[in-house]
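Chain IDs A, B, C, D, E, F, G and H follow the sequence of writing; residue 1 opens each chain.
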């Protein structure tokens, strides 16, 4: 395909300006890539890239700073919401967001996310739930599905000992401080579009309403699930969405309107 | 139709998600490795003729390897 | 007696597997061996290498600055590690992928082995590492080929035992190539 | 003479911090330091800064990391168990070269222990209680006035070197009241603007990262060596200590913080009775005043190190003057274990012959 | 000869623990130690024990505290940042005299750092990274076999003294594979039943408390002195080290864990070239083999301390033999900074004249 | 009143056997005392004192071991649920409970209580909510009411910065692992009786159903509220119950029946 | 009526909660300090005659200082 | 010149208040003073004590093993702390509550003051501490009574200033009692 061919055409899909044109380190088919794009797209939409401070968490998304053209603080595992709180209080006029995995946010960082949401910190949280610890090699996460085999639940998650997967969005939606909370997926083009809207909404919640916005994105980890990307993607609809229903669980602005 | 997609051979990691996402089944996987060692997605000029420019393939691509163009 | 060998490649698993095998076979024979892997930045894909140290007494350092022998699987490995091979040592160079024939150094034995081509000939490109291992054990003669085969059998899950003959052939092909090269 | 206030040591820390322009405080209650957050909670709103009582010590230190990364003068305070919880965050701050102040008003331990004074966190503070072999700037005030002054200094040093600073005091210095002469903060002329700090890439068009992850071959080693060069530079330039009656001293008593005050009284008692004894009080525990010990000891002279623990700083003294005889007198911390001047005087008599 | 297995160091720790009767594991994933929980998750169910992947390192150490207080052999494992998070819990375990095993497979830092080997957590492990001035029993395996053996020993020592024990290894020892001869665990004859452990007051009709809070006048001081008596007893009875070619050595190289292996090869190289050099390898880092250094050094002899950090154990060596010349060679940890035998050999040549 | 007088009578209220006959260190009017009695009464009811292992938290209730005739582990601040988990796994046949303040459980210990509940650990948790940090001198807690003045919220809790008080019982009731969750008060004799029942139920949940039982008890801190005990007690009904409604928020056994 | 309560002077901390709780207002505070320095709750023999033995006072007492007896 | 005084009582606030006052007054006069409180196990109620060290140069230790002077408010304080008073020092004993008249020691000046009775006479039992402070400053003469009154005025919230006269009276009564006792 030569470039000349397309110049006369209208480009209807392109790389967002906030997303650097580099190859990511993500495994083939890993949906962190899609989610990164959607975050970049939201920043483009509000034209905030030049102001934004991102907080990277520890997990496969730790290299955030290589992919977004924004300022980034690398937080200790689980503590991104606290780090973001410190940053936001210093720069109340600048958009601040965290990007966290399910091990990071729903296990070690439980306390930080709950209290950050409860304080109603006006930040945006992107929560990538791939039902496992991707970076460390596929251990059980708080979101691992019942009977799911992982390297630390080799016989499948045993709900009677390990408990049930936690639905963080519902939990956080229950807090007064949470202004917007939604769960989305990126397994189909339609879901990707919805996810993009939710992420934009979560930024808008921060920018317009000075509220805490949260989006959980169901995602794949083909590598640690031991599946090819296509099968992994299919699992999202087959196994994840039934347990983690999609939807907007709180929208204070809408309620207020 | 004159809609087109451009798949970056260098960015593509050969995950195949676009193949599944295309409602018209226009994309296929190459049998040749790219320099990163992946078999990238490709679309034949023939198949391209049926592209509706719906962007579905691009929406699901984790590597933002696809650009989509529509007739003006 | 002490031996050490360094192996570097791309895609990881291959060199790690043969490193494991070599060390395990050494141990099966009652000697000592250490196997030490090193990943690059990323765990999956990317560059990987490992060091195997063998000894009939004790194994000291599992890492070696200037290895006695090196198995170099691709151009990146060649560039980075060829200069580190010990004087008087051995370099087994996968000439299917590496253009450099090692002639820049004359203080060691450099043997170019078209391992990918040989592997494809035997029937599977993944046998490339076995070819190299076969050559190495023929050269170093510290561990017997039979033990390596035995080790492979133990390591491979039952359901994959049908692939054993191919692996054996690859090991033997590597050894034969080495003998010819040195002859 | 400016007005002399009569305040608690803890309050002096808070006052010093606010005077030095600290406008962000993140903390969690714990005795015997809660006066610090309480004071700041009262005063900060009028100054337009932020006071957050975080949900935990861990959240506090990480809020500090976030605020510091954004270029703010910021602080946290706690006491021993809470400081233990901050160790990972402190290591991150050190690794990410984030300045900031951490105040430890030590209490007795280990575990829950008690709320009395203790100097048993010396190792934790000076050798890195967290992982990775970093150092903090550690200042040990010995009076309410120093709680004020050294808090200001801590911010300046921390900003200058991009090394987090710790005020290491204990329940005695934190809870006692004495005169404080507050004075306006004057920023050092040579303090550089924080052009490394995050403000969004907009203004400068280039995005910045505050991080401690260095995965490339040799990268982290270089980073660590850079940190250690800074420590070496501080060792050269930033050592502070106080000497008292050292000139003709045959016995050099050494102690910091609360025990230094007690030792001071004991040395005064001893001098009155003709003992040739002096006091060397480190003010910076890191960098440690090694040279001062070398300078003030010579063949035949002894050092008596006094601590409210079972022997920690004494190691640094011994390392500073390996061939000098260094005696140790310590009390394991806990209610009622604070040594009295009389007790230390008895120790001085044990190790020093009467002169003059 | 029993069958020799070919396993990873991390797996050897897990195997040793299970063989020693450890039936409770509490941990949180972190590279480069995740093989330990993964192994135990696989094997524990068949043994009827409990494996919990806790929500955090903090929860893990506190679950360990709970299980230990109830008399169980129990353990946790992590790597540097995770160990930093455990410091408060470790201090509580020390203060409450709860035995138990904490495994630290160190990675490079500070902060997130990297996943490569490091010895920069030596101070944290041996001097108390937590508050309160306690000590852990710290064992430093240098081979896969020792990962197995010392894990067993750690449980025994920990139970005997009611002092928590730490296995301090690093990514090299944890990730390398070599031969392991497993052998059955034999409990020491003199190991006392844990009659202090909690089982509900029923059986004995008297309620017991596991705590670290001592508020009464003098109580905590006494408690601390008791702990320190135990440390002194361990110093007398439990020191372990290994010597290699020390008898006529003019230069004593000293190193532990991974660097000791590298140093061992370097010493062998040097001996082959006639250098009178030996290796002293501490196996117990606490209690530290002070006497061994005294014994193996004398006037004119030098020590060369090698560490994968910027200088930590070297302080203990210098304190052990204050008047001996102690040289230091370290590499700041990070990818690619592990010294090679050749590099250490060069250091040996620097500090030792050729003999014989 | 001489003892002889009463001997012929039937004693209808007496100190539970599980509660030692010593004076507590609690301030006059502090309802930790009532709650202690109710816990002891529950242990009496099931006759489990001889088996029970209590886990004390850090707060005014830290001296638990002096008051109950049971074995006690003193947990670090906030970590009682983790300590109890370790204990319970070792002694699955023995009753284990934690007793925690609102600073302990709802602030520093958020993560531990949530994951303990989510795992469904069969323990009983008594949560004493007095809207402040009692032991450390009355700082703001996550449960401090809007506008309530404390030593660290001297101008009153500012919900826009500090967030709203967290309703822990509701939060935990939302987790699958929680078998029983109730909120009670002890401000009136009737409430005390209800509280006693809830606490018994929470023990029963552990003993009979092997489930996680949780009871939040609204309590006073006259000392740090700066009120006399009677006024403090009145505040429970006036200010606390309206924000923290009483009731059983989850009873899995009842639902199952 | 022959119902009775016994208030332990030593355990009572004088909080006054029982005073409020008694539906018949039978309890009052002593004007004499106990050995711990509190003014303990007391009930006069007269008031005692009206005691219903309802245990309300005892239920709310934080110090378990009240025992209640009823006629058999 | 250096002075130190230790004060111990029950119920806490009383002795802590006069300790504070004494130290503050010293500072108002341009000298130095430290005030160091110690609580018992419990923060509220329970025993409490404090130490005030005054000096016209610098104050060293804020704690003293053998205080030069002691104000002992109740029997527990008497038992625990009377033996620690420095030889040649002063003990002010609240004889309203303490039976022991201090005659067990003859190496110091022990003065029994019926402080509670005096306070009640002035009008409020809480003035007991002021009585003792009055006696102490009269004895030590390091700080002027006027300064203490000034300090009290500064420390007391405006709305309580109406109680100032009673406090002054108590201070004076203590001083008068002391003068008489020593006369």
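Please note the rule applied: contacts are C-beta pairs under 8 Å (C-beta built on N, C-alpha and C of every residue); 3 or more make two chains touch, one makes a residue touch a chain.
Since we're looking at a predicted model, the values are computed, not measured.
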Chain B to chain E, fewest steps along touching chains
2
State the pair with the higher C-beta contact count; candidates are A-D and F-G.
A-D
Farthest chain from chain E, comparing Cα centres?
G
Whole-Å distance, C-alpha centre of chain A to that of chain B, is 25
For chain E and chain H, let me know how many angstrom lie between their CA-based centres, rounded off.
55
Between chain D and chain H, what is the gap in Å from one C-alpha centre to the other?
34
For chain B paired with chain C, centre-to-centre distance based on mean C-alpha positions, whole Å:
39
What residues in chain G touch two or more of the other chains?
none
In chain F, which residues are in touch with two or more of the other chains?
27, 62, 74, 76, 107-108, 110-111, 114-115, 137, 142, 161-162
Of all residues in chain D, the ones touching two or more other chains:
50, 52, 55-56, 58, 81, 88, 92, 96, 111-112, 211-213, 215-216, 335
Which stretch or stretches of chain A touch chain B in the complex?
1, 5-6, 8-15, 19, 23-24, 26-34, 37, 186-189, 192-193, 222, 228-230, 233
Seen from chain E, its contact residues with chain F in the complex are 24, 26, 50, 52, 54-56, 58-60, 62-72, 74, 88-89, 92, 96, 198-203, 205, 207-213
Along chain F, where are the residues that touch chain D in the complex?
58, 62, 74, 76-78, 103, 107-108, 110, 133, 135-137, 139-140, 142, 151-155, 161-162
Chain E-facing residues of chain D, complex:
58, 80-85, 87-88, 91-96, 106, 108-116, 118, 120-121, 123-124, 127-134, 211-225, 227-228, 309-310, 312, 315, 318-319, 322-323, 331-337
Spell out the residues on chain F that touch chain E in their complex, using ranges where they run on.
49-53, 55-56, 62, 65, 68-76, 79, 82-91, 94-95, 111-112, 114-115
